[in-house]
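In the two assemblies presented below, chain A is common to both, partnered first by chain B and then by chain C.
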Partner chain A sequence: METAAPVLSLKKISKSFSGITVLHDVDIDLYPGEVHGVVGENGAGKSTLIKIMSGAYQPDHGTIHYQGQLLKNITPRWARENGINTIYQEIDLIPSLTAAENIALGNEPLGKGGSIDWAAVRSQARRILDDMGAHLPIDVAVGNLKVAHQQMVAIAKALSLNSQVLILDEPTAVFTSSEIELLFNIIRRLKAQGIAILYISHHLDEIFQIGDRVTVLRDGYLVRSGLIAEFDKPSLVRAMVGREIDFSLRNGHSLLGEEILRVKNLSRSPVVEDINFVLRRGEIVGVAGLVGAGRTEMARLLVGADPLQHGEIYLNGRRIRPTSPMVALGLGIGMLPESRKEEGLVLQRSMAENMAYSLVQKSSRAGVVPWKSIRREVASLLSKLEVRPANPNLQVTYMSGGNQQKVVLGKLLAAKCDVLILDEPTRGVDVGARLEIYKLMYEMKTEGKAILMISSDLPEILTQADRILVMAKGRIVAEVPAAEASEEKILAFALRLESEMV
Partner chain B sequence: MGLLADKWSEARHRLSYFPEAVALLSFFLLFVFFYIAAPNFLTAMSIGNILTFGSITGIVTIGVAMLMICGEFDLSVGSNFACASYVLALTLIAGWPVWISIPLALLVSSLLGLLNGVIVTRTQIPSFIATLGTMLAYRGIVRAIGKGDFATYKGEPIPLFSYLNGDFVLLNKFFGTTSNFRVSLIWFILVAIIASLVLMRTRFGNWVFATGGAPEAASAQGVDVKMVKLATFTITGLLAGIASILQFAYRLSVDPLRGDGMELIVVAASVIGGVRLTGGYGTIFGAVMGTLLLQMLDQGLVLMKIPIQVFQATAGLIIIIAVISNTYLGKAD
Partner chain C sequence: MTGLKHLNRILEWVGSNSALAALLVLFVVASAFVPNFFGERNFVAILYQYSIIGFLALGQLLVILTAGIDLSQGSLVAFTSIVVAVLMNRYGVFPAIAGGLAASTFLGVISGLIVSRTRIPPFVVTLGMLGVGRGLALVISDAKPVSVDVEAFTNFGRANLGGVPVSAILLVLVSLLLLYFVKYRRLGRHIYAVGGSEESARLSGVDVKKVKLLVYALSGLLTAIGGVIWTARLHSGSPIGANNYELESIAAVIVGGGSLFGGVGTVTGTLVGVVLFGVINSVLNLVGISPYWQGTVKGVLILLAVALSQVRRPSRLR
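For the complex of A and B:
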C-alpha cells in the first residue's frame, strides 16, 4: 500500500435534514489506486455521504479536499467534469441510445464542418471498453443490454471524462456471480490505473474480496475505519450493529390464536424462491433482510400484485388464488405498499374519500353505494386513528407522511382485513406518528388480526415483531422468535454469515 | 416449428431497429392496392399531386417529428401555419415589400414555437396540454388579425413566388402534366436533407435524441435539456412558417381555417413513420414516408371516388396498426 496523499479527503463532515442529523463529523480519505469499502445498515448515512462527494448535497460542516485543493460548494456538474463520478444503482444512461453514443454524449468528437465524427465516437467507446476489459456490443441501444453491461457503459462514460474518483453505489445488487467477477476484474484494472474507488455494498464478502480499506457507518457516525486486513467478518458485523434500541417500545406479549394464513413453496424466480411460512391470529411477524432480498416481491405475490410462478396460499385453511390486490382485499388480505404515494393513496382526494374507496368495495349492494353508513364508519375510523388535523375533507396531499400512513392503515381497517401486510410502515414517518402506528398495530393484533411487517429498521423489527423471518437472496434463511433475536444475529443471517458467526 | 419461431424472433429483433420498416411496408402494400383498385392511380398527374400536397404537410411533419423525438408535442402547428400566411398576406396587401413580409412571417412562426417551448420548460406542464392551449389561442389570434375573413393577395405578381412554389416546368414538361409538379417539392427535399443532417450529424441532433430518450439522464450527462427543447420548439414553429409561405406562394390566399386539423395529420404521419410517441427515437426518412403514405391514401381514395370520411377512418386504422406493430417490434429483445 503506497502512502500517497489522498486524492479526495473529507474531514468532519456533518449533514442534517429538517433537524435530523444524518451524518456526524465523518472523516473519509480516498487514495489513488485503492478501493475503499463503506458498509453500514440501511439508514446509516452511506447515501448521504456519496451525495456530498458528488456535489448533490452540501455539507453543513466540514471540509472537502480534492487533489490537494479545498473545495467549496461543489455542484454535480463540477464534480463530474473534474473527475469525481458516481455510478448510481439506477444507471444514468439514455436507453434509446447505443453504448457508443452514451459514452460520447455531451463530449461528442467533432469532425470536419462541426459534424459529429461517428467513427471517432465508436473507436473511443471501443478503446475505453477494451482498456476496461469489458466486451459488449457498442452499437446496440443500451436499454437492450443486461444491467451489468449497462453499468460497464456507465463506468466507461466516467472514464471518458478522465475520472479520478469513482463511486460505486451497490454495484452488484442485481448481478449474477459471474457478472460480479467481471466487475471485479474491471475494478482491478482501474486500480492499476491509479483511480480511487469508493465501493458501497451490503455484501461483506465483496468488501473483503476487492477492498483495501473499509469504513463502517452507523446512525450517521463513523464507527471504525481502517485497512481491510484489520477486520474479519464478525468484527465488521459487530461494528455495524449496536444501534440504540428502546425496548420500552416492545409491542406487548404474543397473543397467539389459530392459524390464518399458510404459504407453501411460493416462488417467482429469481427474486422469490420457495417461501414457506404460517401466520397466526394475534401475532406480528417481522420480515427482515437487506434491500433486494426479495421481501417486497414476496409480499406482492401474496396479494396477487405479481403473478405466482409456483406455490399455494391458504387462508383459513382454504386455498386462495388472489389475482390482484383488489381481489386479495376482498378476501381479507390487505397490503400497505412501500411507496404509499404511488400505490396506496389518491392524493388529490380527501382522506374520507380515500377510506371510503375500500368501504365502497365492501358494502355496495347491486352497485348502489350506501353513502350514509360509509360516512358514519369513516368518522369512527378517523377518531380511532387520531389523524391530525382531524378534518375528513382535507386533501391527503396536504398531510404529513405519518398521517398519510395512518390514512392508508385506515383504508385497510375499513376493508376489515384479517391479514395485513405492512411494507415499511414507518418509513419517512416522524417519531410521534411512528408510536401511534405501533399502537394501531398492537390494537389490530389484539383484535385477532395477523400482521406481516416488512421493515429495514432492525430496532423496529426487534421491538414490534413476535417472530422474525429473515430473507436473503429471495429465500427465507432463518426464523427467529423475538425473545431470542438480537440485531447482530438477524444481520448475520441477512448477510448469510451464520456459519461464520455462531 | 421451433426453428421458424427462432427465425421470426430474430427478424423481429432486427426489425426493431428500423421502425420505418412498418411505414415502408405499408406504403408498398397501399401502393399496390391502389395500383390495382384505383383508376388512373399510377399516372404522372396523381403522383404529382401526392408529392405537391405532401411537400407542404411534409415540411410541418419534419418539425413535429423532431419535436416528438425530443419528447414533446406541438398541437399548435396548424394555427401557427395559418398565422404565418396571414402575416404574409396582410403585409403584402398593405403594400410591404416581400423581402420584409416573408422574414416577418417566419419570425412570427418561430416566436410562436419558442413561446410553446418557454411555457413547457418553465411550467413543466405536458406539452400536449400546453400546445392544446396555444393551438386555440393562436387560432384566435389568426381570426382576430384576419377579421375572420379570407385574405387574398391581388397585387402585382411576385417573381420570388415562382421560386418558392411555382410550376416545376422541367417535370411537368417531361411527364406532360399541366402544373401538378411544383417547386415546393425541391424545398421539401432540401428541408428533409438538412433536418436529417442536423439530427444525425450534429451535437444538437444527438442531444435531441438524448433529451427525448431520458431527460434526467441526459441532463446528468451535461446536456442542457431546456435549451435543446426550446430550440426544437422554435424549429418546429419555423418549419410550420416555411410550409405556410410555400403554400401561400401558390394559392395567394388564406382562410381562417387554414391548417385546421393539420396538427393531428402530422403527428399521425410521424407515428406511422416510426417516430416513438414517448420520444428518443425516430427518423426524418420515416416521417417523410408517413406523410407520403397519408397523402397517397387521400389521393387513392379520391380516385376511387370514395367519400372523405373513409380517408379519416382508414388513416385512423393505419395509425393504430402502425403503432401496434412498432410497439410489438420494439418489445423484441
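For the complex of A and C:
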C-alpha cells in the first residue's frame, strides 16, 4: 500500500472565513483501499476539510490533486460525478422518495424512448445494496427507514456513481453497536474494492478498529499524521488537546451557597439517559461533551422545551414540573438557547421589546402591558449589560453577535431567573464581548444565582466553570472539580477512554 | 379486536385518500337528497365549469410539488382571453390560440426565471405576476370585454363527444400526459425531488433551476389552455373575470393530497380535488345557498381537508 500513489492529495490547504483562519497549511493524502481517520475536537477544522474535498468550499491556498490531476474550482456536482462522495451527518436523501429512487436520482437508468426504466432502477439498487451486504427494503420512502438504513442508502447512492473516494462524516453518531458492526463490514468490502475512505469520528475506538492511517487536527492545524500503528489512544488524545489556555480569564473562586436545583434520573431516550446532578447558588457548572452527547437535549428537558420521559426536578427542595419554557421562566429557570437567532430573539424587533417579552409575563396587570415600568426596567438592564449601542429601540438584527447575546441574557435577568442555563453562551461572539459575558456570568454568580453552562469550547469550560460535568451518549460520565480538570482529562472522559488513559 | 383493526384500516385509508372518500360520500348523499343533482345534465354542467379549473390545478400541482405557489393563474386566464380575442378578430382561430398560449407561457417563464435565479419567494414573484397579467389584460383591452364571434371557436366551448364535453376529454388527455411525465421522465420525476429536499436534489445532480423554470412555464401554459376554453365559453375576452381562480386550483391540489411543503401530491389526487370542488359547488347552487355563503363553506372545507391531510405529512429524515 505504501508504494501506491494517493488517489486524492491535498497540499498546504488553507481556508479562512471573515478573517478567521480555520485551516492552516493542511496536507492530507488518501490512498486507494485505505481508511484514513481524521480526529480532532469540535472546531478543529474537520468539517471545513471535508467541504473543501467535496467542492463545497474553495481553499484560499494550496492544491488538490485527484487521480494525478490538479483540481481547480470544483463544484459539489463535479466531485460527485467524478467519484468523490461525501456522506454527511445530515443525510442527503429525499425523504419522500423510495430508497431505490434515491439511489438512482440524477442518474436514472433510461429505457425505451428515454423513459425511466423502473425495473432497472430497482434492480440496480438491489444489486448495489447486496454487494455492500446491506439488507433493507428498497420500496419504502427513506423517511420511514431507520437512520442506519438511511445511511446505507446514502452510501449505496455514492457507490452507484463509481465512487473512488468516500468521505464519511461521523457515520456512527446515532448507531447501535450492531449497526456499527454492519457499517464496518461494508467499509471492509469497499476497501477490498480499492476505494479510499476518509473516516471522521469522535470515537477513537472506531478509528483504531477500522483505520489504516490517522490525521489529527487542532485549531485548524495538522498536528500529527501517520499509520495507525504509530499511535495508541493516549498519544492520539495528547495530540488532540493542548490548546493555549489563558488562565487569567479564570472566573474567580467558587462561592458555594445552598442547593437550588436537584435533578434526579432525568431521561428522554435515547438522547438523554438517567441524568443526576445538583446545582448550588453561586456556582457555575460547566457541561462538556462532544457534539451529539445530549447536552442541549438535557437542557431542553430542564426548561420543559421537550417533554420529560422520566425523572424529577427539584427547585429549592420542592418538586417542579416545568411543562413549557414559559412555566420554567415563571419558576425562575431560564435558558439561553444554542442558536440565539432562531430560538433566542425576535430579530426584527427592538432590543427593548425582546427583553420585555419575559417582563410582560411577570408584570402584566389584567392582561395590560405596563409599558412605562417595563421601559424603566429595560433601561437599567441595558446599562448593566453594557449593550452597545445602548439604544433600546434598535432592531436586534443590526446588532453584533456579542450584543445580541447580551440581549438574550438580559431577557433572563429581566425574568429574575435564579437558575440560568446557558447553551454555548459565547459561540460566534468576538473576544471583547466574550469577556463581558464572562464578567456578567461572574456577577450573576456573586448575586447567588446558579449557572449551568454548556460549552464545546474546552478552554472556556476550564476557565469559567467551578465544576465540570462531562456528558457522552446522553449520560453524565464524569464530574470533575475545576481544580483537578485538564483539557486532556475532560476529553478522555468525553471520548469515554477513561479506563485506558488513567 | 378485528373490528377495531378494520376501523383502523378504514381510518388509514380515509387519512390517505380523504378527498376521494369525501367525494364518494358527498356524491352518494347528494344523489339521494339533492334534487336535480343526479343526472347527465348536471354532471355535464360540472364538467364544463370545472375542466377549466382542472387545467389550472394541474399547473398549480407542478408548482406546489416544488414547494412553490402560483398566484398569477386567475390573472393569466384573463390575460390569455384578451390576447386570444384580440388576435382572433384579426388573424383567425389558430394564430389566436397559439398567441394566447405563447403569451401566458411567456409570463410563466418570467416567473420561473425569477424564482429559479433569485431568492425572492414564489409567493411574492407570482403575486407580482398577478398584477402584471391583469394589468396587461386591462391595457390591451382598454378595460372593456372583447367579443369573439368566430363560430368555429365559440362552438368549441360547447363541443362534446357522446355527451362528454371536449374540454373535459382534453383535460383527461393532458392529465395522462402529465402522469407519464412525472413518473417516467427524468425531468418530471425531478420535480418531486426538488420539492422533497432542494439541496439534496442539487447535490444529486438534479438541475434545480431548470426544474423550477419548467414548472412555472408549464403552469403558465396549462393556465392558458384553461384560458382559451374559458374565452370560447364566454364568447369574449374579459379583462376583469376569472378572479381568484388560483385559489380554487390551490385548494384542489391541497385537498387532493398535495403538500405546500413540496414533494407530495399526485395528478390523480388533484383531479379528484377538482371534481370534489365541482360537486360541492353544484350542491351549494342546487340547494340554493347564497353565493355569498359559498366562499365561506368552501373555505371551511379546505381547512378541514388540510387538517385531515396532516396525517399524511411525509416523515422527515432524523
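Note that in this section the second predicted complex is superposed on the first by the 500 of 502 C-alpha atoms of A that agree within 3 Å, B and C clash if a C-alpha of one lies under 4 Å from a C-alpha of the other, contacts with A are read in each partner's own complex, and residues count from 1 in each chain.
In this section, a residue touches a chain if its C-beta (ideal position, glycine included) is under 8 Å from a C-beta of that chain, and two chains touch if they have at least 3 such contacts.
Just so you know, these numbers come straight off a predicted model, no measurement behind them.
After superposition onto chain A, the modelled positions of chain B and chain C overlap sterically.
In the superposed model, A:Val147 makes contact with chain C only, not with chain B. By the touch criterion stated above, A:Asn73 is placed in contact with neither chain B nor chain C.
When the two structures are aligned on the shared chain, A:Leu110 is found in touch with chain B and with chain C.
Counting residues of chain A touched by each partner, chain B versus chain C, the larger count belongs to C.
When the two complexes are overlaid on their common chain A, residue A:Ile94 makes contact with chain B and with chain C alike. Touch criterion met: A:Lys157 reaches chain B and chain C at once. In the superposed pair of complexes, A:Asn393 makes contact with neither chain B nor chain C.
Judged by the document's definition of touching, chain A residues 76-77, 80-81, 92-97, 101-102, 105-108, 110, 114-116, 144, 157 lie at the interface with chain B and also at the interface with chain C.
Those residues of chain A whose C-beta lies close enough to touch chain B in the complex are 76-77, 80-81, 92-97, 101-102, 104-108, 110, 114-116, 144, 157.
On the side of chain B, the complex with chain A involves touching residues 197, 201-203, 205-207, 209-210, 212-214, 216-218, 220-223, 276, 280-281, 333. For chain A in complex with chain C, the residues that touch the partner chain are 76-77, 80-81, 90-97, 101-102, 105-108, 110, 114-116, 118, 141-144, 147, 150, 157, 174.
Residues 180, 183-186, 189-190, 192-193, 195-197, 199-206, 263-264, 314-318 of chain C are the ones touching chain A in the complex.
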